[in-house]
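Order of writing sets the chain letters: A, B, C and D. Residues in each chain are counted from 1.
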Amino acid sequence: MSTVAFIGLGIMGAPMAGHLLAAGHDVIGYNRSPAKVETHVARGGRAASSAADAVRAADVVITMVPDSPDVEDLALGEDGIYANAKPGTLHIDCSTIRPDVARRIAEAGAERGVRVVDAPVSGGEAGAIEGTLSIMVGGADDDVAAARPYLEAMGSTVVHVGPPGAGQTVKAANQLIVAGNIQLLAEALVFLEAHGVDTEAATRVLGGGLAGSAVLDRKAAGMRARTFAPGFRIDLHHKDLGIVTAAAREAGVAIPLGAHVAQLVGSLRAQGYGGLDHSALLLQVLQLSGRAEDEEPGRTES
Amino acid sequence: MSTVAFIGLGIMGAPMAGHLLAAGHDVIGYNRSPAKVETHVARGGRAASSAADAVRAADVVITMVPDSPDVEDLALGEDGIYANAKPGTLHIDCSTIRPDVARRIAEAGAERGVRVVDAPVSGGEAGAIEGTLSIMVGGADDDVAAARPYLEAMGSTVVHVGPPGAGQTVKAANQLIVAGNIQLLAEALVFLEAHGVDTEAATRVLGGGLAGSAVLDRKAAGMRARTFAPGFRIDLHHKDLGIVTAAAREAGVAIPLGAHVAQLVGSLRAQGYGGLDHSALLLQVLQLSGRAEDEEPGRTES
Amino acid sequence: MSTVAFIGLGIMGAPMAGHLLAAGHDVIGYNRSPAKVETHVARGGRAASSAADAVRAADVVITMVPDSPDVEDLALGEDGIYANAKPGTLHIDCSTIRPDVARRIAEAGAERGVRVVDAPVSGGEAGAIEGTLSIMVGGADDDVAAARPYLEAMGSTVVHVGPPGAGQTVKAANQLIVAGNIQLLAEALVFLEAHGVDTEAATRVLGGGLAGSAVLDRKAAGMRARTFAPGFRIDLHHKDLGIVTAAAREAGVAIPLGAHVAQLVGSLRAQGYGGLDHSALLLQVLQLSGRAEDEEPGRTES
Amino acid sequence: MSTVAFIGLGIMGAPMAGHLLAAGHDVIGYNRSPAKVETHVARGGRAASSAADAVRAADVVITMVPDSPDVEDLALGEDGIYANAKPGTLHIDCSTIRPDVARRIAEAGAERGVRVVDAPVSGGEAGAIEGTLSIMVGGADDDVAAARPYLEAMGSTVVHVGPPGAGQTVKAANQLIVAGNIQLLAEALVFLEAHGVDTEAATRVLGGGLAGSAVLDRKAAGMRARTFAPGFRIDLHHKDLGIVTAAAREAGVAIPLGAHVAQLVGSLRAQGYGGLDHSALLLQVLQLSGRAEDEEPGRTES
């Protein structure tokens, strides 16, 4: 069993660290808000008072934090991982960040003798709790092989998709597809409601054919019921679509529908719905169709 | 067992009529090109020399023809179904047509004592051959109940979604979602290729999470291999998206992504690719990304 | 001087008929609401009790009505123009309708010995009052030459753009450009406001360069001041964009931005703003940017 | 008369520097390629061997370079302007760059006693040669007043639009409107051609109404004739639309049409047309409409 530093014990990170504990690892947790660390200790983990502190004794460092600058600070900062890790330490970054930042981190790690793997996850809070995350992994063959046992403790689908950064690229593609599929389902549902169709029956038959999707299976019922508790927040999806559009622009790739839905997600957020689940794209379709009148979805602070 | 008139023995209609024969019905087939009728007879069916001829003796009439005007002519024409059917005949229209035309047909049928059900199908040629079509049914409760045994002989998912026209409305929503999901997958694949990612592995991991869909399961491999034999032709999807955008406009429903993908499908068709499978939307994303140079997809007459 | 039947004495038609009176013509007016006819008589015109009545004595018939079905009824109806006009009558249709309907009308006229010209106008109520309309004319050379004196009495730019229907096609293109230019200006203004820029100064400098346009000259001040009294109503522009998108689809022409702005105009209308000027597209950009909170634009019945 | 350092003697910079010479100023020119400096000397200017060299003796420094990093290097680099300028020097940046970079530069200048004004221009090569540029100026009142005489030597419309960065923000809005107006005109022209309309006549009548614009006045003839020599290159407009979309995202402003046209410009560039004038958006509309077959526009290196 290994000593694992786990940095970032939020909604996703906490249950992921729990699976590593359950697998018998010695998991040293660190989080900016100490309450999260206490919970981790209550589950059998150890506490660290700083990222540097967590890293020093670890064989493996796993990070699960919100955005590119967070990972950059953690990896490259003076009190960060690469300045304090033992030579040969394996850094698995499960955050969703920009592919170019992932590549830069990996290069910086190599210079310091740290092996770096990008391993963003898909599946949400439920997948994290159940250990059924899909994990898209970028890195050198050896490093990914070394990371695999830890990843398989947290997810049910672990796929090596390419060199460093490739995991983030696939995650970006994932977020493009998911946002678009949700928006299309939202348009379809409002279209059906407006025509007086039974959307429960319609969803059943749509799900049986070529229109079927995980989005339809998991989100349609909530959209029909107008329940938009996250789940995955519009704020985060907005951040991720910024990554997709920038990476597509950099590569000269046309993403007409992707860029379009990025605007729609940005609008929903600008209107104050950033804290709702991404399936709340339905609210905006209702609004744009003049059908939101009697619906009061409860704005949240974003 | 019943006497069924089956009008329209094309790629979809022929195997559908075959399932009714297999279920023991007396199926009188009619098609404009006589060769299709001969094949039907060779399978144990009977031949009719005209639609009127087929209809006169039938308890049930099933139509499976390309577009709204075809159904209108068949149903309402001088030599058509309603002018020749026995009182109480059940007309099941499996074509994909405009919801407002479906409603108009149903009203005209009612005036002539013909019970009309709209029952468009999803699942393509494979679904028709295997008898696993998804069928979305609009009509009065009694009429749908009367139609169900025939529909269940041809499909594995038969759902009553609302009053006359509702089946077509759900089919329109289906086509909106499918076109959009294909376009999003195309954008994601080109994005991944441009970044040098292993798309086979990527597709596997995408399919395991919230980005998973029937489109990804059934179309991604062909798109990666650049094989676009239909399947479901761009020409037909273009027709169907015309129905969706018109019906959304009529209802005052915003379908921003739907209208956008309708333009993209129209462009692909205008460029001469109308005869390819709808997954050929990938070709256009390659073109718009300056990556189509070395790919020669073989235009087809549309 | 000629005897002119003028059918449709609304906001646009009344001042247009006035210019013909001022030019010395004998103008027989007809309108469904008699009050409009009385005003016409008070200005020196003559009254007709029906369209047929107006037409019988006329050398020239001018129609200025809302939509394609109105023109079809007037031209082709039992009590309509072609059933009652003298052989050789010249029919000038100034309405904005579908190009294919304009062509059909022209053919029907030819069969009855009526010469038909489509001559939709641009310039709004102000242009109608001032006699400075731009008029785009479709028809045979001789017929357009015959129509020119009447058109020049009502407009300052009269251009023959092609065969029957061509005037309507150019008007459709006009409406595509205008809607798009307004939406782009709306996006630019909200962008500038959000960044704290002086939009009065900005509008001045934008107007001096390649971003300058009639839309900017005539609409920016009202948009900055949030005054959206029509002018040209969203309801009508929505109708016209339906014509554009249908005609583009028919011709296989890609209008990605045109189809996009058609959705945005449709959304504004669906939200109850159909009675406002088309420059009210600004309101929707504010809404989508989360900046509409304190602005209460007063919905109107559409 | 003042001593002016002019850095960046390209297609735009050279004639702009010429106007300052004509106004009697002592203009010290610097450009990376020495040939441009020689031409400047031949016109009566003086030569500098480096940016630092040019700046040391100057009262005013004007920069006219391609992109944000170029200005950042020039302003903030070790051998750059702020490290070498006399206290109180006025830096006028006429480049088109990101508003946030312009603000950062202005702050850095203030710390070094350099007064900074952002003054991007519109009007193209012709405007630069004729001295009729539109110039949108951001900066403190005093600094803009000090810059005005120099700007008025180069442009005919000089408008102070707000604090530092505001000039760039207005330029970004300008580029949004221009790209969109060109795309809309392209769609309209292809639509008209497809319907067999005389586009010369159509352009005349469109220009007289609410669809009239500087884009239509200056670009329609070239688009009809398929001549796309720059002018303003797609490559540069692509860069500028990157600025617009990033700045809109930062401010939470919805620019649906702007983001859409940014994709279309990016696609044209990805297809190898980056060196053509931005009016070449027409080529892509032709392509998407299946009408590009017989047109061979001569790709350029981008």
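Keep in mind that, in the parts below, contacts are C-beta pairs under 8 Å (C-beta built on N, C-alpha and C of every residue); 3 or more make two chains touch, one makes a residue touch a chain.
Molecules present, by chain and UniProt name: A, B, C, D = 2-hydroxy-3-oxopropionate reductase.
Because the structure is predicted, anything quoted here is derived from the model rather than measured.
Between the interfaces C-D and B-C, more contacting C-beta pairs are found at C-D. With centres computed as the average of Cα coordinates, no chain lies farther from chain C than A. Note on chain placement: the centre of chain C and the centre of chain D lie 37 Å apart, centres being C-alpha means. For the pair chain B and chain D, the distance between mean C-alpha positions equals 51 Å.
Here the spacing of chain B and chain C, counted between their Cα centres, is 39 Å. Contacts with at least two other chains are made by residues 252-256, 260, 267, 269-270, 288-291 of chain A. Residue ranges on chain B touching chain A, taken from their complex, read 99, 122-124, 127, 134-136, 156-157, 159-163, 165-166, 169-170, 172-174, 176-178, 180-181, 183-185, 187-192, 194-198, 201-202, 204-206, 208-216, 218, 244, 247-248, 251-258, 260-261, 264, 285, 288-291. Of all the residues in chain B, the ones that touch chain D in their complex are 256, 267, 269-272, 287-291.
Residues 242, 245, 249, 252-256, 259-260, 262-263, 266-267, 269-270 of chain D are the ones that touch chain A when the two sit in their complex.
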